[in-house]
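Both complexes shown next keep chain A, but they swap its partner, so chain B is in the first and chain C is in the second.
Presenting the complex of A and B:
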């Protein structure tokens, strides 16, 4: 077994909420992430699944080093992300690429597509200056966009085109790890299929490690070999995609699956209520309030992520048995 | 591939036209302002050849003469040729106007960038200094600095530049605060772009256009302030051909020789109107708040 690319060791991220008034200076802690343990091997494709507010984006920002962990450690290879020196940071920037959820916002509106794509190539000195135009054109071709877009500005492109430019930019530095935050959400179906196929081909062909945030289990199953389900800042279930989709062991995963529309079954809301506020976490299991099969023990004991089978972990006191 | 490379610069040129030239050409009043300004610039640049007399040559025998064949616009109380002084005065006014705005712009943008990007204590200190500068009206501030620095053309430039640092710094900081939280700044840092390159390539281009428009409008203020300082006797040193100075000199003879004050006054008024027309046109053409198809 080779070394993992990323390892997260009981990572926590909490934000301090200060009282707004002069007399109300009491501060409270908002735990966006609470003890996340995760290992990512080279070539893995992992989907982070969960409702809004479950901590998916925070987790990915921590893995990118955009935010420090309040507790625990994020290791890239063998090194702590918080302790990288300048050279290592540069290497990290080259090897790990991020595709923003807001693709248009992640591009300088005053730069042409050609310059946007050339920037990482030039920055990491990946090829000689006179080869850059050819390389940029090849990148654009790879994501299926016409070369005529090179002289355009991001504001002149459609949503789907901008997403694909964002992917092309992520590929420009020839990264080993790509992280994508909801990269297909809100695209129309045909464009979504194109983007998904593109990402899938990339992972298959170049052996890129992919971390993909989505709330769409269909997308997750198409693209990724592994799924980690997050709920309120903690991984409640993780394992291979097929196993999780076929035999969900955590009631939350099962509820998510039931909420997924199908042709043959009428849709019913399987989860009642909103995700609770992470400011005042209830005692015991954090899902207890919404769990359809909650028991008294759930309200007292906080279950930890335990291995059920090989590669399969669940944080539930009474995991759902395979139906 | 070679075709694509050949086509690219052409496309770039035509797009430049489309983005910058056409919106400006559409502003009729701005074009009128530009034409008048161009005449002034030509007159200023060609002053040595256009002038009929030495602008500082005194000829007391010919003092206080009205317009004639020898002195096209008449002479002042020292017998200096007003036409020649007017041309050299245009030179001085434009140089002081552009130089002081350029200097104020440079320092102001630097201060604004530093304050906006560094934040924290640095920002607090810098912005309190800027508040201090902004607390005084520009003319009062420039007068105070002229009193400290002493008379002279360069000192006028420094004093005016200083009075412009405040507005430019404040404006830059505001825009930088808005831009620095944009995802593309974070994305650039994440890609490993160095701090200087982030500022130069990603922050500056996104804050610069409203600032340049503002700079264009400030040039007319600078020229007006400079003439005001000279009129009050704390600007350039007297023999220098300066419009403010000329107006002040003509004041005593306003009833018997109104052209002494009238000619430079009119020249100043026309230049200021032209600059304001141009500034308004620039703002309408490029300010994102008024631009219709903001990209």
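Presenting the complex of A and C:
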């Protein structure tokens, strides 16, 4: 078996919250991620799924090296992200691309599309200066946009076009890994379908490894072969997409699936309450407060992620039976 | 499951002639030269829920804002008629509109964070319509506000009355909005994408709550939605809008299960369902308002378009219990 592209070894990320007043200097800890273990193989397409506040974006920021882990290690290949030197860091930036959630906000409004796409090529010195226009045009063509947009500014483009430009920019340095944060959220269904098809074709054709954050299980299942479900900074279930959709073993995964609107199943509020604050984590299982099948043991013991089947892991003391 | 029938046995069988709670006929809204809504007609009966569905730019929110009188002359020009309980809204004086708004017609905005006033406690904001429309005393208002908060599922309402909006989560803020909209037991509730900013688990809670309250008050509701599957579950009737026109309207289980208009069919094939393996996007996009095609507005993107579609606007026909505006219905 090949070496994994990314390995996360018991990664933890916590933030210190200081009291605001003169007499209130006591500090508390907000644990955004706690004991996350994850392995990403070359060519994998992984969806990180969970409600807001579950730690999806923090996880991706750690994997991009934008934030250090408070504890544990994030390995890119064999190297610890925290120990990369400047040259390695630059190579990492070339090989791993990020598509921001707010595509429009991630572009300089005063730069033309041609310059936005040329920047990563120039930065990494990927081709001679006179070849850049041809390469930029090819990029735009690859994401299905007309060459006429090259001289436009981001503000002149529609929401769907801006997302495509963001994808083109991520492809500019010919990365091996693309990470995308909610790249289709807030788009109209027809535009969302176009962007999803584009991403799926790109991954299939060029074997790019994809990490995709989404709160939409439908999008996750369309785009990704694997799903990791996060809740309050922990991975509560991960495995192949089909298995997760057909036989969810964690009650939280099952509740997420039930809340997903479908044409043929009446809508049902599967969970009461909201995701609790990560500042005061409950003792025992984090999901116990909202779990429909909570038992006494759940409030005392914090379940760890354990393998149920070959490539299927669940963090629950009483997993839902497969039936 | 046939949700619409379970909800309201008469939903499908109501004859069009019976007095509707809300009757919009041939409503046209212009902004300068641009025709934003073009000949919109629909009827809503007591106890019914209607979903307005379509892409952005279809005019869904514009229609909702026109209904509640937030888009009026001189900002826009309205033609046609909107009758609420027989009262003509197009020509209604602003002073009279104010008596309806927040009282007989409630509104839930999409973005609760932006819609709530950050300078007032949520208790004060819920109490505002109670003072204005019902003239309750200060003490009664506070008590009623707490009851309303309890009815929309906010825990410990007595404590939360004095909370400011920023102290509540997005889901809780949306619940406050619902409490405000329902404060005076409206006969009609307009909800503009009430859950699009929320997680699916919270979305299910909020939708269940709105439907539950609407049923308890025996009111009607108009939802602006972009999620077709959600529309199928919460609405008795669906009106599919495209570029300011209603292209297909009818009972939700028929419109969404077996759409007849090519646009509705296109929309449905774009929806990501659990385990979908192919998505077929609709090519192109909604034309800009100043360059609308002369005939059918969907013609440039339509797989079925022929010469006549580019020249003449199709008239809505009744087919299979619904209204469809297309020259070539299957």
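Definition applied: the second predicted complex is superposed on the first by the 323 of 323 C-alpha atoms of A that agree within 3 Å, B and C clash if a C-alpha of one lies under 4 Å from a C-alpha of the other, contacts with A are read in each partner's own complex, and residues count from 1 in each chain.
Note that a contact is a pair of C-beta atoms (placed from the backbone, for glycine too) under 8 Å apart; a residue touches a chain by one contact, two chains touch by 3 or more.
Note that this is a predicted model, so its numbers are computed, not measured.
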| item | value |
| --- | --- |
| Room on chain A for both chain B and chain C (clash or fit) | fit |
| Touched partner set for A:134, first chain B, second chain C, both or neither | first |
| Superposition-derived comparison: chain B or chain C, residues of chain A touched | C |
| First, second, both or neither for A:119, with chain B first and chain C second | first |
| First (chain B), second (chain C), both or neither touched by A:189 | second |
| Contacts of A:293 with chain B and chain C, given as first, second, both or neither | neither |
| First (chain B), second (chain C), both or neither touched by A:173 | first |
| Partner chain(s) touched by A:283 [first = chain B, second = chain C, both, neither] | neither |
| Least Cα gap, in Å, left between chain B and chain C after the two complexes are fitted on chain A | 19 |
| Residues of chain A that lie at the interface with chain B and also at the interface with chain C | none |
| Touch list for chain B against partner chain A, complex | 1, 4-5, 8, 11-12, 15, 182-184, 186-188, 190-193, 201-202, 205-206, 295 |
| Chain C - residues contacting chain A, complex | 1, 3, 55-56, 169-172, 196, 199-205, 207-208, 226-230, 232-234, 256-257, 266-267, 269-277, 279-282, 285 |
| Interface residues, chain A side, partner chain C - complex | 51-52, 158, 160, 186, 188-194, 196-197, 215-219, 221-222, 242, 245, 255-272, 274 |
| Touching residues on chain A, where the partner in the complex is chain B | 64, 66, 89-90, 92-94, 97-98, 100, 102, 105-111, 119-120, 123-124, 133-134, 137, 147, 150-151, 153, 155-156, 173 |
